[in-house]
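Heads up, the next two complexes both have chain A, just with different partners, chain B and then chain C.
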Partner chain A sequence: MRAIHAVAFAVALLSQPANAGVPEAIDAFILPGFARFSAAATDLARAAEADCIPTALRPPFNAAFDAWMTVGDLHLGPSENAAHAVAFWPDTRGFTPRALQGLIEAENTVIDSAESFAEVSIAGRGLFALEMMLYDEGFDAYGPDSYACRLVQRLATDLAAQATALDTAWRDDFAATLLTAGAADNPTFLSEGEALRALYTQVVSGLEFTADSRIGRPMGTFDQPRPERAEAWRSGRSLVNVLAEAEAAVALARRLIDAELPLTDAALDSAKDAASKIDDPGFQDVGDASARFKLEVLDQKIEGIIDAVEQEVGLVLGLQPGFNSQDGD
Partner chain B sequence: MNRLLATSALALALTAGAARAETDPAAVVATYADIAEAAYADSLATARALEDAVAALIASPSDETLAAARTAWKAARVPYQQTEAFRFGNPIVDDWEGKVNAWPLDEGLIDYVDPGQEGLMGENPLAALNVIANPTLAIAGAEVDATEITPALIADTLNEAEGIETNVARGYHAIEFLLWGQDLNGTGPGAGARPYTDYVAGEGCTGGNCDRRAAYLAAATELLVADLDEMAANWAEGGAARAAVSADPAAGITAMLTGMGSLSYGEQAGERMRLGLLLNDPEEEHDCFSDNTHWSHFYDGKGIENVYLGQYTRIDGSLVEGPALADLVAEADPALDAEMQAKLTTTMTALQAIVDAAEGGLAYDQMLEMGNAEGEALIMAGVNGLIDQTRSIERVVTALNFGAIEVEGSDSLGPLQQ
Partner chain C sequence: MIARRSFLAGLAAAAAARPGWASVGSPAYIAAAKRADGGFVLAGLDVSGAERFRVPLPARGHAGAAHPTRAEVVAFARRPGAYALVIDASTGAVLTELAPPAGRQFNGHGLYTDAGATLLTIEQEAEGSAGIVGIWDVAAGYRRLGEFATHGIGPHDARLMPDGETLVVANGGIATDPDDRTKLNIPEMRPSLAYLSPTGDLLDEVRLDEELHFNSIRHLALRDDGLVGFAMQWEGEPAMGYPLLGLHRRGEALLLAEAPLADELAMDGYAGSIAFAADGTELAITSPKGGRVHRFTAEGAFIAAVARADVCGLAAHPEGLIASDGFGGLVTIGTGGTRPLARHDLAWDNHIVAL
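Presenting the complex of A and B:
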């Protein structure tokens, strides 16, 4: 009954004249995004079954990471907890190499089944554990008959299972929770405005995370740059991820409001332009003054997108972002 | 969150006191400052008691004096954790907090650790520096004379050395490590088991360099007292933190809500509880040496509730209370006040259940164990309560803001952190 009610409500909302809002964000952006990630992760798992060696797996790994970046910074609903298991970063205390080393040294049989592996620490699972296995010189020299090979295969199938579970949970459950905002039996969102604000919060907090962490962490200070703190630097994805997140945030913002966003578009273009001038896609040259300056410019451009989105979306819709999961220290 | 709450202050300022304010926002902020003053004063008093207990331990090390120092440390945590709700909206507190409660720490910076844990591939090159064993240190390529371990050495040279946050050389958790030592039981039963003989001068000293260990403990405790003295003064009549929230009551209320929401969601539910559970790592336990985490979480939650209800029970049992945020919300929207109070109660019930389980023998680090369904359920009930109450805090923001966004930012607020 509840499901039927939810569907009826969804139809009612969808039939409203506006071309933008929560239903559009879900149907045109969020659900297709999780479907793409699920498909890409499944492709990666199949590829790993066929050939577990890093050179073979890097392309499907990157395809899965690309797909993740469109929805990876959504931290609500099913993603509230699950996003951390897909992408555990930043790893400030080296949990991921420790977890992987522990499994490999013990040849831990926890990798033998999907059920047991699902209980493993998030540091030893997900995209960043795979990246370590496929790109880090301490881990990537394994052969096809090794424990490490089987570990990589399990990591890939576990990622695919996580991706499928997320896709299903969003499609079959949380989409309806957002769409039935304001209904008497919806304790999560008491009005459509709350659902809209929840999505808008993701736009702003994702961009803030990109500026503060994806760019800010490797920048460190002028005297003490921290290239080793760049996100996904081993696979040289740091810059790709910055741009992908910014594009995803803007794409989601566009679905929330039925209006042209000239300032936001210009700010995104400007960020892309700044990104095109960066030489090392893994930010490993941040110790060089001119490279650092280019990264600083990119950081400012991301901040510029936040300002534009606040002006063209937040202010117009009367939305302030809510608290977000990055609010701690 | 910083961006948004900054906008709400102004709207409140424009309307508060006009149509419906039987409760004066300025009086609500005054209660908040009174609670801060009392809670930081209690933190200072219990830290002084800890300092005395540490002096007794160093003067005559024994199982008894070590136990007394540990008990004093735990007692000092009770009021302090309740002050954490004053973070995240008050720059004076935010800029200072890292000195007293920074966590997690790479404790190998300070003293000996389990040999199996040396050479970890973390981001910190100083994770095994061991100041207590080494009178001469190399930090950031320079030689450091650590012959004498003083508060100044800890504060100016060691803490956050090389700009790395896990180089925590001072505060409650550094002292906790010196009193308990590493908890090497993983997710099994038992806390750190440092023997009192780690403080025995001369013959009988275990762990080496007992005199330097004692010097470190004394210096770190002295620093903690000085830091708390500073913050207690900031909230006393005429103090800078009290002035900052009182100058504009709307800004003060914004600070209250920012602290409540940021501590509930990003910090406590996220960093302190959920992350450790997802990592199954006992080192991701807030009080990982002493196994006192259940109480730290409980009193963090209590501190959030204190701010909303305008009440704080002091260590001597007396009650500080006054006009509350709850009164203000009840006047604007009685149903929302009821919802907020119910959510706070749900969270406190969940945190109490964690306390009961821990005191009953299932320590917090055991709850983190891979596959421990009971532990996971206990922790996630707390996490979910905290996340759920954050939604109501957002509704309170909206209710007191009358839904209006006037301008971006409020100059009266200054920079809100994180």
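Presenting the complex of A and C:
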């Protein structure tokens, strides 16, 4: 096995320049992804202006969340901070319900303008604040003339503004930073290969986040499963998000290398198969032994995608994890 | 007591006249690194990021302590360490191998005091991880003189206060297995910042609020007026977004320096190094896990984040700060922005030590 990798490595070095895959990933995957998210979030904001009631807003909310999932786990460049504001999860300290409760109880006028709302904590903004308003029974019973209605409208327009800002920042600024890796005035990427490595790192860290957090958090321990820790369980999106992230990660990986990825394709198919056997898309049945087992299988399949990507992309491109980020001091 | 003896020893050391730092190109920094072929080296760097010397290291180290005058470095093994090597920076020759007494382990950091006459090593008891400062007589060929307690569990970094004798120690609070790095007491960990007299008396002790007891105080930076910065590593549940930088001045309350929540989350609960900028008006912490540097004013206000993959080492630089990373990069971070300085075919290890 090792010998095969060594050969593949040598071939890749001969055939693929250091920055290969980066323009493809930007043009064919990342920028279109942010454009789609921006369009979907703008649609959601328009829909909220027309009708703020949860039943009306849930479809465009889900469309925006779907669009987000293709680029949501990219945590570099403008997304490094902004991703946390669009998708504030996990909410380990219970900030989101507290922030929303605080705004509603005080009927805080901070929602009256885009400028003032931009000062609200990221925990009280973004997709998960909207999800709480549209799906949580403690929040979703508001009427069309209520403060909560206007809050939802502000949340939606704020999300659209964040999405547009991200789209612009990637297109007009950070794409160039990646493409000029190694230039004398580029302090972010000191060599061409670093941009490729940065994107590859996003593939692996996104899949790891899916395994460790999207699946691992609700699993908890056998004795103490934590269904309330599932991502987006209120909207029943937990499973959708797992699959969407895995597909997005593999799609990005495909752009980074000019090669067939049979192991990765098979691993992704295997994960989809495992997902199809899961009954509750919000992982709320994780306390049940057989449901838990199915989730464990899905977790292993996501780990399988990571292994396949590392073999077929990471090793072939000669990319290894960072020296300092892997272990503590 | 120690000070007087050390003063005399210092004279003896000077008389021994081993080669000084000028003999290896007067580097501004030393840093350990891994070579592309897997070997380990210790390198001396100037302020332009160019190598002034490079000598092999027999294994991966953690931090080094540079002798103030002689071209001599103590390289500490990664914790829990059974040895430290005194290395001749001009040849790479191992001059002396230091081993802690039975039942003690080196913990990654150490420092020279008394103008290089004394070496202090940060250690812990193998069983229970109670912190120890080991005292070594440099002129006598690094003979162990004694030790005293750090008044805490799992100490890591230490600095000498501007008075030249008070020691400030980061007691990380984590007890580790004597044979590997398994953490044994996370639920009960209580890190502290301890100020110790030259004879080991506890002069002052600072602890975090109960809510933050999972925040291991690990690395220290010192300004010449006695302001201490400390960098922390969060051992509790991930994604809590708690502050990772603290500031303390003896006799005053400690101050936690917080970045906006999205930035704090992007640090991934981990600060690997800390340093004050050359002019002392700001300081920064690095997160290799988050791939970013956070800059703060010396009063604790967040300035900005700088993105750099696998960044960890950090030290003062004429332009402000110099940061190193595991991909061989060296960048300067200053008021004028971030500037690429150099790139080496090396993976820089955790720390850069300024000479």
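Quick note on the criterion: the second predicted complex is superposed on the first by the 300 of 329 C-alpha atoms of A that agree within 3 Å, B and C clash if a C-alpha of one lies under 4 Å from a C-alpha of the other, contacts with A are read in each partner's own complex, and residues count from 1 in each chain.
Going forward, a residue touches a chain if its C-beta (ideal position, glycine included) is under 8 Å from a C-beta of that chain, and two chains touch if they have at least 3 such contacts.
Every value quoted in this text rests on a predicted model; they were computed, and no experiment measured them.
Because the two structures share chain A, they can be overlaid on it, and in that overlay chain B clashes with chain C. After overlaying the two complexes on the shared chain, residue contacts for A:Arg93 are found with chain B and with chain C alike.
Contacts of A:Gly77 after superposition: chain C is touched, whereas chain B is not reached.
After overlaying the two complexes on the shared chain, residue contacts for A:Ser325 are found with chain B and with chain C alike. Once the two complexes are laid over each other on the shared chain, residue contacts for A:Ala123 go to chain B and to chain C alike. For chain A, the partner with contacts to more residues, out of chain B and chain C, is B.
Of the two partner chains placed by superposition, only chain C is touched by A:Ala184; chain B is not.
In the superposition on chain A, no contact is made by A:Glu137 with either chain B or chain C.
In the superposition on chain A, A:Glu228 makes contact with chain B only, while chain C stays out of contact range. In the overlay built on chain A, none of the stretches 22-30, 58-66 or 184-192 of chain B clash with chain C except 22-30.
The interface of chain A with chain B overlaps its interface with chain C at residues 80-81, 84-85, 92-93, 121-123, 188, 190, 194, 197, 322-325, 328-329.
Interface of chain C with chain A (complex): residues 34, 62, 79, 108, 156, 218-219, 233, 237-241, 260-263, 265-266, 270, 272, 288-289, 291-292, 305-312, 325-329, 331, 337-340, 343, 347-350. Against chain C, in their complex, chain A makes its touches with residues 75-77, 80-82, 84-85, 90, 92-93, 121-123, 184-188, 190-191, 194, 197-198, 201, 213, 322-325, 328-329.
By the touch criterion given at the top, residues 1, 3-5, 7-8, 87-88, 94, 97-98, 104, 106, 120-124, 162-163, 165-166, 261-268, 270-272, 274-275, 278-281, 283, 370-371, 387, 390-391, 393-395, 397, 401, 403-405, 408, 418 of chain B touch chain A in their complex. Interface residues of chain A facing chain B in the complex, by the touch rule stated above, are 80-81, 84-85, 88, 92-95, 97-98, 101, 119-123, 138, 188, 190, 194, 197, 204, 220-221, 224, 226, 228-229, 306, 310-311, 314-315, 318-329.
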